[in-house]
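Chain nomenclature is as follows: A, B, C and D, assigned in order of appearance, with residue numbering initiated at 1 for each chain independently.
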C-alpha cells in the first residue's frame, strides 16, 4: 500500500491539505444541527452525530498520535472509553445502544476535541515532512477512509433521528428536487469466463478487498440503471408485500413482524404516499431510484420482476468499465436523483448502494491487519450482504469498483436500492 | 375546594406571585444542565428535563389558556401533540418511551415557550383581578401542584440520566454532605380504634385523597425514624439478597432477573460500596436514611428485621401529629440527611418517601374529576403501592399528611426508603 | 383448627373415606384425557394434568409421609425435584414454564405413584386410629384442600390446552347446555357500619383468611346476579374495547398489546361469535354468566355500566347470608349456567369467580405458617386481585364466604366473571 | 432425474421395497419412545417425534396420493392443516413453535395414519407397475429423501427433548461406547485450479445442488480427520470462550447472551465435564470428534488453531475422492466415534456434519422446482451456513459429495463438528 500512499500524499503539504479537507467536511455535515439533534440515538444501529464527531477523532488520537507521537498525553482520560466503537483490543467500551446517553462531553467540547487533535496531527505531519514512516502513512490513510465512512453514517443516522421527530424537520430547507424522466431500463450482456476481482493495487483499499483473486462467472446481463420509485410502486400495487411466493422465508417473517408494506420513510397520508427526505416530507418522484430497501425487499422485487440480484463478482466486472462519476455526498443533494440517458450502466456509482446477492465473506487467502485495526472488517463476516457502488451520501473519493459495503439483510436506513441482473 | 383557593390565592397579586415563584423553581432546577442533558430519556419511566419543562407549560396552555381565554391561539400547533402525556381525552400523543427523540423544539425554544405562556397566564390573571371564576382557580391550583410533581421528577429523572453517563457527572459540584450520627431507632405506640383518613378540607388535595372516610385500625407501633444505610448494610451482610425466605415471590424473581444486590446507584468499586448522588460518586454515609429501594427490597428488609411496613392508614394517623418540616427540595441538598434527635417521629416529611404496604386503590365513594383531568390519578389504580411523606426532592408546600404518592413495586429511581411498623 | 378437624375427620374411617374420595376425584378428572393431553403445558401459568396429578401426591409424600412416618423411603429420588412447585424451602425445582418438558415419568407411572402414596397414607391413618397428632390432622386437611385447588386448576388448565389444539377437541362430548332465561338484575342494599370479616372459626380455613378482624364499610348495593353474556355483548357492541375512558391505564395497554377484543375463548367465525367450552365450540348463550374475563375487563365493564366492582369486605358481608349451593365441580357441567329466579343473591357460590376491586393483601396481624407451608399464600401478596365465591370448577366442600382466591389482573383462564356493586 | 429414478426404482417391486424400508426406519426410530416423549417440542427449531411421523406421511398424501390418485379422499380433513410445515403454497399451517400443542391426534392415531397412507401408496405403485409417470417417480424419490431428512431430525430433536428432562433419560440403554485412540491430525494438499462442483447427474440430488458449475479454487489443505473432544478441550482450557480475538462479532455476542462456555449438552458436574448422549449422561471421550457446536464455535476454534474452515467447494473437491462409508444412522450408535487410522480423509461422511465457511446461496442459474415443492430449499438462502458430509444420524443412502445441508450459525442441536482447512 505504501507506494500508493506515497503517491497520493506525496508531499507533506498535499497530505495535510487532504487531511484538513476531509476532516472539515465532517464538521460541515453537522453544521445545520442543534446540540440536541447531535445527541440522540434513534436506534441501536445508528449513532448520534456527536458520537461520530468524537469517534473519528478518537481514531486519530488512538492509532496515530498515541503510538507515533512520543510523549503525547490523551486529550481527556475518559474519551478512550467513551468513543471506542467495536475495537475489543483497545479495551472496554460503551454499549452500542447506549451511545445516546453520553450527554457529557457536550457538542462544544467534542468540537474542541476535534480541533485539538487536528492541531496535533497537522503539527506532527509538518514536523515529519518527508520522513513519515509507512506506518504513519498507513494509519493516516486508513483514518481518512474511516472518517469518510462516518460521514456517510452521519447523513444516514441523522436522517433516522429527524424522522423520529414527530414534526419531521428537514435537515436543510434549501435542497433541490429534480423530476426529470428516467430512461427506459435495458439489459447489458457480459460473457462467461474466468476473471479476477478485488483491489487492483492502484490506490487505497480496505483489507476486505484483498487479495485480488480468480473467479469464474457464467454469462449474465445487468440492467442499465437502478429500479425506480415508479417501478417499485408497480410491485406494491401488484400485491408485492402480500404474496409469499416472492419472498425469502426470513424476509416474509421480517416484513410481518415489522409491519412493513413500503420502503422505509414512506408514509401514507390521506391515501397518498409521501416520503421523508433530508429536505423534509415530499411527494414521491417516480423517476428517482427507489431507496431505503432491505435486502429482502430488493430480492422480492427481483423475483417479482422475473430477474435476480447480481453477485458481487458480476457487479464488479461490469462496473469497472464505468467512470466513477455520479451523485455523491459533495453534491449535497442527500437523495438519489433520476438517471440521465447514456450508453453505459447509469448510476453505477453514487445515488444508491446496490444490493448484491452475495453474503459478505473473506476473499481466498485474506489476511486481516494485525492488532486492533484487524477488527475493522473481518469480525463482521457473518449474516451480512454485500452492497456495491456508493450512494448520494458517499464521498466521491471514497468509492471504487472493488469497494465492498455490507449490512444485515434487514437494514434499510442506508441509501440502498436495486439493480437487476439475469442469467 | 374553592374556599381554600380563595384563601391561598386570595388577592390576585398573591396568586400571581405564587404562580411565578413555582414556575421559576422549575427553570432553576434545569439551570445546571446542558441542552444535551435536558434531551436524554434514560429509561421509559423517566422523562427528559426538556420534556418536563414543556409538558408543565402545555398543561397551563391546554387547561387554562385555551378554554378560559377567548381567542387564545396556541403557541405552536405541534406542541399539543408533542407534550401531552397520558391524557387520552386530549388526543394522540408521543409514545412514552420516545420522549427523548423529540430534538425539536430545542431547549431554548422550550424556555421561550414557557416565558410566552407565563406572560399570557399572568396577563390573564391580572386582567381578571378578583373576578376569577372557580374553574380558573381550580385549574390554576391543580396546574401548580402538577408543576411541583414534575419538579420532583426533574430531580429523579436527571439523576437517572447522569448516572447513565459513564463518567458519572455531578448535577452540582457544591452540594454539602452531613455525616452526623443518627439517633437510635425506638418504637412509638398507637392504639386500636375507628378513625378517619383522607383530605381534611383545609387546603388543596388531589382527588385520590377524597373522600375522607372511616377506617378501623388495630393497635400498632411505628419506628421513630427511617431505616439507615448502616442498618440496610446489616441486611445485605446477613445475606439479605440471597435468602428467598425474606422475599415476596415477585420480588425474588425481580431481583434475579435484574441482577440486583444493592440499592439503585450503589456501585462496588475495588471492594468498597459507593453511591452515585446528585453531587457525584460518594462513599456511603451510614447514618443517612437508605434510599432508592424498590417495594420488594423495603418489604424484604422489614421481614428480615422482624417487622413490617405500615399501612397507609397507620402512617397517616401517626404523621398528622407531626409538623411538616424537613429536608425538602428547597434545601437544595438533593439527598436525604441523617435524622436529628427529637421526641416525635423524625423525618415523617421530606428526606425519603416511605413505602407503605397498601396497594393504591380508590377511597370508598371516590369520584374522579370530569374530562381529561379525571385521568390524573384514577387510571393508575392497579399494581401500584402507596408511598407517603415526601422526599428531599419534594417542594415543601406540596406535601401533607393525606398525600398519596404511588409507584409500581419495582420502581427504585424515586427517593424511596423504609419506615418500619409492627403490630 | 384442631377442634374442627376432629369434628370433620372425627373417626379414622371418616377421615380415610374423605381422603379417598377427594383423591379419587382428581383421577376422575383426568380420565377423559390421553397421555399426550396430560403432558402439555399450554402457557407458563397453566400446568400439565400429569404434573397436577404428581404434585398433589408429592405434597402428601413430602409433608405427611416423610416427616411423620418413621423410616419412610421416598417413592422415587427424583420426584421431590420434579414435582415441587414454589416451595423454596423444600429445595430447587423445575422452572415453572418447563413443566411440560418432563416426559418421564409417564402418565402411567404417575398414576402408580399416586396409588402407592395413597396406600401408605391410608395404611398410616389406619395404624394411628384415634392417635393422630394434630400435626398430622393439620397436614392432612391442608393437603386435601390443596388437592381441591389443583382439581380446579386441572379443569382450567386442560381447557387452555385443548383450546390450543387447532381442532378444538371437547374434554367430554356428553356435556349438556341449559339455555333458560336469566332473571333481571336488581340491587340489594346493605347498610354502613363496623363489621368483621375473615374466617369464623368453624371449619378449615387458609392462613390468608385470618385473623378475623374489624372493618368499617360504607353503605353499598350489590347486584342480584352476575353479569350475563348478553349484557357483556352490549358493552362490546357499544365500543367497550375501543373507548379508553372505560379502562385503567394498565388495562388499556394490556388489551392492546394482547389484541383482546372479547373474552378468552371467544372466536368470531363467519361473523358470529362462538366460544370454546369443555364441550367444544358452541354458540354463545346470552343468559349464562359471562366468564373468562380479566380484572381489567371486569373493571371496564363496571365503569361502562355506571357501577363498580365490590370490595372483598362488601362481598363477604353480603354473601355470608347466602346458602353455599350452586353449580360446582361435582355437577360436571364445567361451565357456568343461567341464574334461576329467587329472592337472595343468585350464584354467590359456584358458576363464576367474582372479581372484587380489592388487591390481595395480608389481614391485620396475619401470621404465615412456619416453614415451607408458610410459603403457601403470603409470598404472593403483590400485584394480585381477590376473587370470591368459587366457580363451576370448584369442589362444593372447598368454598366458604371467607375464602380468598387471587390472580393477577390480566389472568383470564380461570372461570372469572363479574358481579356489580355501587355506593 | 428420471433416468436415475428408473435405475434405482427400476421395477416396481424394488421401488416398493425401498419405500417400505425407508418408511419403516422412521417408525423404528420412534419405537423406544413413550407417547409423552413423542409429544413434546423442546424449542421452536425442533419438532415433536409425533409431528415428524405425521408430517412425512402428509407429504406423501399431499404430493403423491391427492394429485396422482383419482378419487383419493384425505385420511382426515384436519391433517392437511395440522401437519403442513412451511409450504405456504399449500395453505395455512400451525405456527412452528406450537407443534408441541397438538395433542390430538395421539401417537396411536398418527401411526394408524402412516399405515393407511403406506397401504394406499403401495397399492397405487403395484397397480401402476411399469407405467409410473415421471411425476410420480419424482415425487416418490423426493418424498423418500424428505423422509430421510426427518429421520435425522427425529434423532436430533428427541435428543433435545430428553435433555430437557431433569433426569436426563437415555433414548436407549444399550448403546455401546468406543474409546479407541484417534490417529494424529495431518494435512492433505490440493492444488489450485478451475474445477466443477454440484450434482454429477448420477442418482437423486436436491435442487440446491444444481446446476453443476465451474469454480476456481486456490491451493488449499484439509485436515485428515475432524477435530476431537480432546483438542477442543485444549481450546477451552486456553481461555477460548473468554478471548474476543478468536470470535466473530456476532459469535461473541451469541456466546455471551446465551451464556455458552462449552459445546451443547456438556455439563460440569462436581468439576468434571460430562455430556448428555442418546445413551444418557457420560464422561467425555477425548478421541471422539467434538460435536454439537455452532458455526461461531467452529470458526473460533479454527482461528485459535491458526487455521480456518473449508469452503464448500474445497470440501466437495476433496471429499468426492473418498468412499461413502462411515458411522451412519443404520449403525444405531447415535453418536460420533473415534476415527480409525487410514490414508485418506477420515470420516468425511458420517459421524459429524462439518461446518464450512460458505453461506448458503444459490448456484449460478439454479432453478427452484415449480409450485409448493419449489419452497423446499430456495426460500432459506439467507443467514444460513453450509455443512457437508452427514453425521451419525444421517441414513447412509442419503448422503453424497454434493449434498448441501444448511443451518443458521447459532444452531447447535445437530451433530455438527469441525474439519480444519488452511490456504
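Just so it is clear, a contact is a pair of C-beta atoms (placed from the backbone, for glycine too) under 8 Å apart; a residue touches a chain by one contact, two chains touch by 3 or more.
These figures come from a predicted structure and were not determined experimentally.
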Work out the mean Cα position per chain and let me know which chain is farthest from subunit C. A
Any idea how many Å lie between the Cα centroids of subunit B and subunit C? 38
Per the C-alpha centroid definition, the whole-Å distance linking subunit C and subunit D comes out as 47
For the pair subunit B and subunit D, the C-alpha centroid-to-centroid distance in angstrom is 60
Multi-chain contacts only, two chains or more: what residues does subunit C have there? none
Which chains touch which? A-B, A-D, B-C, C-D
Please name which positions on subunit B make contact with subunit A in the complex. 34-40, 42, 50, 78, 81-82, 94, 98, 100-104, 106-107, 161-162, 164-167, 169
For subunit C, which residues are in contact with subunit B within the complex? 86, 88-89, 194, 213-218, 244-245, 247-252, 295-296, 311, 357-359, 361-362, 364-365, 379-383, 409, 423
